[in-house]
């Protein structure tokens, strides 16, 4: 039948160290974008109506294993698995997707979906080397299962996405995950606003003595293309709500970046800064998660709102529209922890 | 090389409840047919001889995970993985397949291979919400590994399949699984007869104090197409043989159904009824399987031969030859248990 | 995009028994070559430069499961997952590959990559039915992850491959795996020399009281095509270095073989012989690996350097360039153990 194969293979030689973390040196996957494969198709049903499907999975090229990273819970088609209809009314998709919030986050920073070197990606979804409990979007992963998603048509430069995923937990009605964004494009300017709210089981944090009960997140972003440079900015506010009153944790993440065309490629620069607003002085920002490493010496657990600053600079050289070589430097600093420094060289090929 | 990609993506919004079971509401896979992908090819060897291969796997579109359902033992290509030859002599396939018995079961009911809404599929392979030990075809799954299968050519409307799978258990010669069917097609009439016999290890039932030692099954089916309506009927008799004398369990499953063309689609109706003939009064039809839920209150374990009645009605609307929308209602009732009621809306796309 | 699908499906009916092992009879995968699928592509970047990718995974056609054998650690794309560049300078690949040593081993024996019936493949990578600790290339698998590999252009019939894989173990700098080969082709003659050295964690042997700390291997091979017969020979020397002084174990593996064109196919013959040089009289060649079967009665554990002789003969009949049928007989004898005899019939199809 009429199926398009597509995908991307991205391999990196890197020496990588997050703030407070151990240096690892070797061959890794996805310095610019996690490797993936996919196949998709569209059928014309007449009157502008189309039936669409899209099936795509992650793998790590350094090991040939399914998923975004070693030990990930990802299945064969965890990147996207949808079937749906599109037409004048917009587009309806059912299945598994990356959330609208995730797409606003990646499209409004110059390193896009680099899960390992985009500063704002790291601050939002990946967290530091530890402690995982201080990861803002722990629980609500960048991907969502059991989804119905509606995308509006674009009208006067505006479009929007709304995603709904029921919790599907027997005997726990009302649990759900909702995410959406609104986008505006006008010549050199692009704006986005995104939100996400999750009341389903929230990963490891749901099993603690003071369990996380819900999470909400807001994101605003803008890009402006001056020709000689394209500027990127975004601001996120994420709240983890815990069962005990007065223990909620609030994160603020900001990012500024730039892409500067030069030769056959672009210089890329991105700086993300995040902070935790503790509910009260003397309350630790860290939850001790059984089975995870203890906090290292030097991490203040009271009297201080920890901050993280991460900067990545790089050059991305296009050998063609489908193949690029890149070189990256990253600096990652977390309050009270040793600064981490990374260097990466890579090749990416799209098919 | 000359490879054909094919497959199907089927997503459903459903509120589903089996008799005595818990209601789950959400986005599911495969209301009409479990989602799958595949690639296959044929090479012309001359003189009518062909070399064939077919590789196909299941996935659930709501989660992007491999297999027929969450937690299934299915591998990447569990739907079909074969290599073989075909020609004037018929067709020979080696590898993993769906059994001939399974194909007779699905082709002689109007909901075909809907693992979640075809009444006779549920009664034969899926069982009720519990107890799994009362599932007629527990052990001999719908798919079989280590198979050699021969398919005859069609002569005067008659063809047949015979499948043999050695047990491959070291030190246990003679263990095997055999399945076959004979089919007859004459204008509006189609007839099938199928059997299956399994002496290999039989799933959970093989580990019980009184283990299941073998299983045999017979199926007869007919369809007749009157034009305004196509009628479906089938009858199965399945015997689970246990180690202790006088404890065999016998199941009778019957199904009647109809498909009524209307507009761009069809109304579909199917009713399956099954009963267990207990070996003696006072013998429980249930085996307490360690790790499975206990029998709920209200289930008589002696003095009664339990029955199950399941009816599904639906409308399947074709947007094209490859894409359809469907709406289904199901009612499931098991002796002594609360009746379960389900509703489902879905979209299916073939590629 | 411009993607080529390729692969091979190989199914075998066999009764197989290794020396000292239990006979298993049934339908198996890969009598001549383990089944696999793949997709690859090349992009012309101008000036003779190309970007390349190749993604390929193993599966077993008898069960439809991912990997080379039941219970293998293989991921979806464990056969090959690479991205890289090629041109006048040669070829650079990054990702996961089969090692250069492995390719020299398979290309210089007439049964090539038959993991179950090529005598020298069995002696080098698969080991006997037991004890796994006496497998020469235990630890360094035929495939390697985290690899950078350089292949030279061919100049006057000479080319070479060099592969480097850092250990990527945090806090264990200097651990690495290196493999390479040099090949020479001149008319009917082909020569190879290969080596491999591994200081990374070495499988089960790394967890023993006297752990294996490194392994090194050398291989020389030649083929000569006389027309009426093509002759094959290779010699390997493999050393497992253990932590305690004076306990290293040395293996010598030799293989001679022939391929004799006849009709539409070839007769194939291969004999491999291997021996262990014990470090001292009275030292057992076997390491008792917890969880593995004990040594059977009849295996001398001192005063004898054990030997293994394995001979396979067969006929491989081509139905076309892409499809063949084969019949094989194998005899496997290990010092002190009962001789094992095997017979296999199979079909293989390439696409």
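Order of writing sets the chain letters: A, B and C. Residues in each chain are counted from 1.
Methods note: contacts are C-beta pairs under 8 Å (C-beta built on N, C-alpha and C of every residue); 3 or more make two chains touch, one makes a residue touch a chain.
Small disclaimer: the values here were computed from a predicted structure and weren't measured.
J.: Upon optimal superposition of subunit A on subunit C over Cα atoms, what rotation angle is obtained, reported to the nearest 5 degrees?
T.: The rotation relating subunit A to subunit C comes to 120 degrees.
J.: For the homomeric pair subunit A and subunit B, should the interface be classed as same or different, according to whether the shared residue numbers exceed half of all numbers used?
T.: different
J.: Just curious, how far off is subunit B from subunit A if you go by their C-alpha centres, in Å?
T.: 41
J.: Which residues belonging to subunit B are in contact with no fewer than two other chains?
T.: Each of 57, 76 in subunit B touches at least two other chains.
J.: In the complex, go through subunit A and note every residue touching subunit C.
T.: Touching subunit C: residues 4-6, 9-11, 13, 22-28, 35, 37, 57, 59-66, 76, 319-320, 322-323, 347-351 of subunit A.
J.: What residues on subunit B touch subunit C, complex-wise?
T.: Those residues of subunit B that touch subunit C are 1-3, 39, 41, 43, 45, 49, 51-53, 55, 57, 74-85, 94-96, 145-148, 165-168, 170-171, 173.
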